[in-house]
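Next up, some structures in structure tokens.
You will see chain A twice below: alongside chain B first, and alongside chain C after that.
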Partner chain A sequence: MNSKSKTGFIQILRSFGRKFSDLQGLLIAILVLGTVLSILSDNFLTGNNIVNILYQATIVAVVALGQTFVILVGGIDLSVGSLIALSSVLSVGLTVNNGLPPWLGITITLILGIIFGLAHGLAVTKLRMPSLIVTLASLSLASGLAYVYSEGQNIIPVPEVFETIGNAQFFGGQIPVFIPFALVLIIISYITLTKTRFGRQIYAVGGNQMASRLAGIPSNRVIVIAFVISGLSAAVGGLMMTARLQSGSPIIGSGMELTVIAAVVIGGTSLFGGQGNVIGTVLGVLLLTMASNAIVLLSIPPNYDKVFTGLVIAIAAALDIYRQGKNTTNMSRLKRSSSGKEVAKNSNPKTEQNNSNVS
Partner chain B sequence: MKKLLGLIVLLVVLTFTLSACGGEKTSSNTKEDNNGKSSSSGGESTEGKRVSSALMGLGFEFMVMLNDSSKETAKENGMDMQVFDANTDADNQATQMQNIIATKPDTILLSAVDAKLIIPSAKAAKNAGIPVFRVESKPLDEDYETWVGYDNYKAGEMAADYIAKVVGEKGTVLEQRGMVGATGADLRSEGFNKRMKKYPNIKVVTLNNEWVADKAFSNTLDAFTAHKDIVGTFSANDEMLRGVVSALKKLDKLKKVEESGHIVMVGVDGTPLGLERIRDGIQDASLNQDAKEMGKVATERMAMYFNGDTSYPKDTMLEPVLIDKNNVDDPNLWGNVMASKKK
Partner chain C sequence: MSLLKANNIHKRFQGVVALEGVNFELKSGEVHALLGANGAGKSTLIKIVSGYHAADEGEILVNEVKIPFNDPKASHKAGIATIHQEHNLIPHMSVVDNVMLGQWIGRYGVVSEEECRKKALNAINRVVPGLDLDLYGHQLTPAEGQLVEIARALSEEAKILIMDEPTTSLSPREIERLFNVMRDLKSQGIGIIFVSHWLEEIFEICDCVTVFRDGRYVGSEDIKNLDENTIIRMMVNTDVPELSPQKRNPGKEILKVRNLCKDGVLQNISFDLHEGEILTIGGLVGAGRTELARCIFGVDDYDSGEVLIDNIPIPKNSPRAAVKVGIGFVPEDRKGQGLARNLTVRENFTLSLLDKVTHLGFISKTSELDISNEQSAALKVKAPSMEANIMTLSGGNAQKVVIGRWLARKPRVLILDEPTKGVDVGAKAEIHRLIGEFAESGMAVLLITSEMPEVLLLSDRVLVMREGRISGKLNRSEVSPESVISFATAEEVVY
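For the complex of A and B:
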């Protein structure tokens, strides 16, 4: 393990470079859409509009980061949209209806996100339930609790701290605080996945759970933590949306799980686990946000906006497949993309073979 | 592992505390328990009649109010009302209707998620001999006893005229549109856009927000990037204006009604939050859709039906009423009724 840390820095740089080259398809899609937009609209390539896009992307990005962890270990978390709603009504309601100080309301909300994640993780690892079913149950449960708690109404007024955060801007009022906040979370997630042992374990577990367990990796714990991260990030997303919309609402976030999962998968993270990364997820979120930006800038009529979004996703996916077919085979991409391979290789020579079988 | 277990126990305890916090507030709003009385056959009385209420979605304050007022009226008349929430899922509602019909209630109160997709269920109810009292979305079939709805088209028209007058009949006006395909949203949009054609110097830009406030937020931000002379906005419900207000705040364009540079804001529904904004001078007006009246009238007609009196009209559309700062404190507005209930 010691010898590895010396070459660690170079490895990170190298892996960063590799990850970018892995994502060429998505980058091309973003560049093409960006170019088309800047030709068709004078307003696209303006500082204001770029800030707007980033600002709009922040909440989906934060929730998608958590989702990336879950999908990397081979799971899926459908509950995030409902958790956003639940944390929105709770964070405001605990103060407005139950008289708790705002910081306590926010803390309890975050803990609730962790509880949901923990419950998902334990159900998946201990009870061997498919994560799809577990989190589908939570999708309904959390949304139901949000309606019950709020009686189906907006809870107002939001505690002042939400207004302060929601309106806080950096750099002479140019950059909403959400943008640097999301950026910090992105960097933390990136480092966690690429630099830490936990990160390598994530890839190993997602690549082949059985093999990684044989290799001595506490795969159950890794999976539980991944779900906790997702639950927590959904709760944070809910708090952010509450701050942005200035009320606790049981409707917000509904259906957002699909956008989030789409962003992660467009970003190149395999639904089978074990391959993918944070940069891809962020680019995926950006592409989807740009698509919604384009709909308004180009005045695409309401009946066509979904068609447009669908086409953007399809083109991004097609470009990615095309690039893969040209440069490498699918199989070698899988082997090369995860640092989990190293961990597994050190411990068990059979792993690699198993690893390929997953695809 | 022990630590982890300890943590779990702690968190579970916390959850229960939380759900207890939530629990005590729900009593007023959840299903009225059906005492299982069998309906007294014949007999011209409302007492003990079993009524099932199938509602499109209790996630909307409007529906919550409608539900409250219809339950109240049912109670006054001694009827047992059981409520089903379709959660805006048309398929879900069809299943619920099947279940409802199987329990053979005396009547059904129905607010359809989708007027077209509910047609088979409405037919099935008719074939089972259960009269259906419709509220809110306009029925497209003929198999109903009576319908109490809202003039969505006129609400759109009134909003267009109001905005045109206040902004001096020129500039760009944003339309915050509801879900494409939802009858109410489509009619409001049609009424608004057709009437706006009368004002050639006003350009309407439609944002497809699907009733969602956060989409309204994103799309409004983008619209201000694309269009420089936005002077007002019409929102198909008050809910989406939350997103508009957040966007205006972000752009530093949120001005009070009297201030210069104010973006004229007109919503539909008259929700508690909408009324609050009118009071604060942020929103100009809302077109009241009287949820309280709608639930009450429809349920009263049920009582009439049970008493053998079917003299009510087949179709009734409640008129939109303009709420602005002059009448926003009227205690009879459903938004105010709802807000005061909460306190």
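For the complex of A and C:
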């Protein structure tokens, strides 16, 4: 009994170790950037600034979690930035302009996120449209709707709930409520992807859709659900953004799809699908948030901030490729031949010693 | 009692007829061979039964109950497990997850790692004991991948097991193990449909045979009433010419391999290849033969040693350089490595010939078509047209395209890795003839094959490999099944 739980524990450690080994490049990038920043700026390593970074990271993280599901099934969701804007103006406007109670306005906003996701999923699975095109259309559509509805104006003042949520703090006013909220969502996503049958189905469909379908996995349904999760998480992101800025705005979130996708991809999730995890996504979000924090701390002129962010993404991606290259040429080969030897010792000396390395 | 029944199945793809009213009946406790030349429609019927395609007409009955078309889940539910001809592994999932694909055990949607592992191990142990369960799909050799898919089907505990060419990439020992499992299942009353182009296998394991030809049903017969020639005639409707070994006069050395080493894979490989000679590399699947070929052609890196053409070393790791000095390579995993997916048949034929069909920087479609038509006729490729997507060809026909591409290029050294794997009897004889002609015209052939008749028919000399080393060199006069097998296995194996 004891030894059994022990091996179970070791297995968990091992599987964690494996996942982290995939993220080495990213961790190094984060550490390097952190070290540089703490040398260049006295303000970086203050409790205040760290909470600030985490706080900023939460919204991107929530949207990026949804995006991770979509990219894992081999799709992409470009509509999230515009959905954030649409959710923002709707959630406020439905109360301020249309007189609905706030809870109803918020519920309708969330449902709209789900509907967008559902539409994306169905277009991709039933109409066989590429998700890039479908969600590009939504990017334009949702943004347009946000402008039409708000007539291009910020909608203020926001209903009281947004103020309450935006100002809610934990631990004696130290930690904004968004941080534990995002943490909970991260944990739920992590467990969903690694422990549940649905998580397996996501990876299987992303890895080889045909094989999954033939094995009896409802691959279309899995894809639709992934898009729904992304649509919903964008709507939630829009609500969070509204609470933070205390205004319903049609311009917030514009361009954020690129940050979100960059975070997911530098977090090690393959754009081909079937490979990646949320821990990587969270680290990717952290890195990008630190980069934008650096722009403020180092007072980099605003005109250069995109150049800086671009460089950070490029370096993180290069580190990752470098690390992966090393891994596939050495690690997997070593692993392969050692397993070959094991086989040879066990029972049949003639099974594979062949080391045909695919990829 | 009939377990599975297909009645009057019709299927056409964009106007191309694949099946024209075929019938099939499987009884419980029998192994039923489904035979036919490449493109006869075997896989199409199997895909209809397993819910991948919908038939245009006809019905499928399991235990006299009709099952819906185009619904893989319903087929699984009806007790049908299928091993498809195309490989269906998830590249970034472990062996455990690949075996348990779609049938992960767990409660309330949470997967029980432990139970999955246990069940997967059980199935794996039946077909490939000792395989590391934590390897990912993309790390497996073709043979291991095939065995993992077999394990997947076994773990379903289905009533009907369908195997579409499961043995093409397996070694004799693995095949023997598979056959034992099949006999065991048979005694439990499970019905098995088995497809193979290897008639020896059919006679060893099958109880009865159904033959298709050009999408039509030819007949079903008890294996006891059949011999090899009758079956071949049912399949191709003509006699297949019997080839006899030819005497050739090899010329000067062209390819030299010196002390090739690669950690854990190849140990000190040295040999020469002469013009106008067929040098066969025998041995078991997994002896390192594919890796050797890949190193020579520059697809894979090696640690030390040299490959020389006309005494000039060729740079390693560069297939481009290899092609330039006149080496051609038909890889083993043709669907994976040999074909450019989503290109047409014509474009696939000329993929390694682009320099020959380019005039003033433009690709000439006319010369592309000339080459494609010529090769396609020589190899009897069955394709709707030269403009069809290569992925719509049957497994065997797609392989012929890759072979034809290199035959048309006429390289000075041609490396062929299992060229007749998955190819039907008629085309097999044709490929043998072409390889022979090829050598007679002065070109050098390095042939990797696990098929003994092929070794005996074609070889001028044989190298036998075992566990990454050359364990034996045989001259033409010394070549016999026994000598090859004894070098390949180190122990005497009685067949």
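Everything below uses one rule, namely that the second predicted complex is superposed on the first by the 313 of 359 C-alpha atoms of A that agree within 3 Å, B and C clash if a C-alpha of one lies under 4 Å from a C-alpha of the other, contacts with A are read in each partner's own complex, and residues count from 1 in each chain.
Just so we're on the same page, a residue touches a chain if its C-beta (ideal position, glycine included) is under 8 Å from a C-beta of that chain, and two chains touch if they have at least 3 such contacts.
Model, not experiment: these values are computed from the prediction.
Colleague: After the superposition on A, what does A:Ala137 contact: first (chain B), second (chain C), both or neither?
Modeller: A:Ala137: touches no partner chain.
Colleague: Could you look at A:Asn208 and tell me whether it touches chain B, chain C, both or neither (first, second, both, neither)?
Modeller: second
Colleague: If we overlay the two complexes on their shared chain A, which of chain B and chain C does A:Ser292 touch? Say first, second, both or neither.
Modeller: First partner only, chain B.
Colleague: Is A:Gly216 in contact with chain B, with chain C, with both, or with neither (first, second, both, neither)?
Modeller: second
Colleague: Please work out whether A:Ala317 is in contact with chain B alone, chain C alone, both, or neither, and reply first, second, both or neither.
Modeller: neither
Colleague: Considering only touches as defined above, state whether A:Ile28 meets chain B (first), chain C (second), both or neither.
Modeller: A:Ile28 contacts neither chain B nor chain C.
Colleague: Touch check for A:Ile165: first (chain B), second (chain C), both, or neither?
Modeller: neither
Colleague: Both chain B and chain C touch chain A; at which residues?
Modeller: none
Colleague: Would you pull the chain A residues touching chain C in the complex into a rising list?
Modeller: Spelled out, the residues of chain A in touch with chain C are 8, 11, 195-201, 203-204, 207-208, 210-218, 270, 274-275, 332-333, 335-337, 339-344, 346-359.
Colleague: Help me check something: in the complex, which residues belonging to chain A touch chain B?
Modeller: 41, 43, 46, 48-49, 52, 55-56, 90, 94, 97-98, 108, 111-112, 114-115, 118, 122, 145, 147-149, 151-154, 156, 166-167, 173, 176, 241, 244-247, 249-254, 289, 292-293, 295-297, 299, 301-303, 305
Colleague: In their complex, what parts of chain C are in touch with chain A?
Modeller: Per the touch definition, chain C meets chain A at residues 50-52, 72-73, 75-77, 82, 84, 88-93, 97, 101-104, 106, 109-111, 113-114, 128-132, 135, 137-139, 141-144, 152, 171, 173-174, 262-265, 284-288, 290-291, 294, 300, 336, 466-468, 489-490.
Colleague: Can you check the complex and tell me which residues of chain B touch chain A?
Modeller: Going through chain B, the ones touching chain A are 8, 11-12, 14-15, 18-19, 21-23, 25-26, 28-30, 58-61, 63-64, 177, 180, 205-208, 212-214, 217-219, 221-223, 225-226, 239, 242-243, 245-246, 249-250, 252, 271-273, 276, 338, 342.
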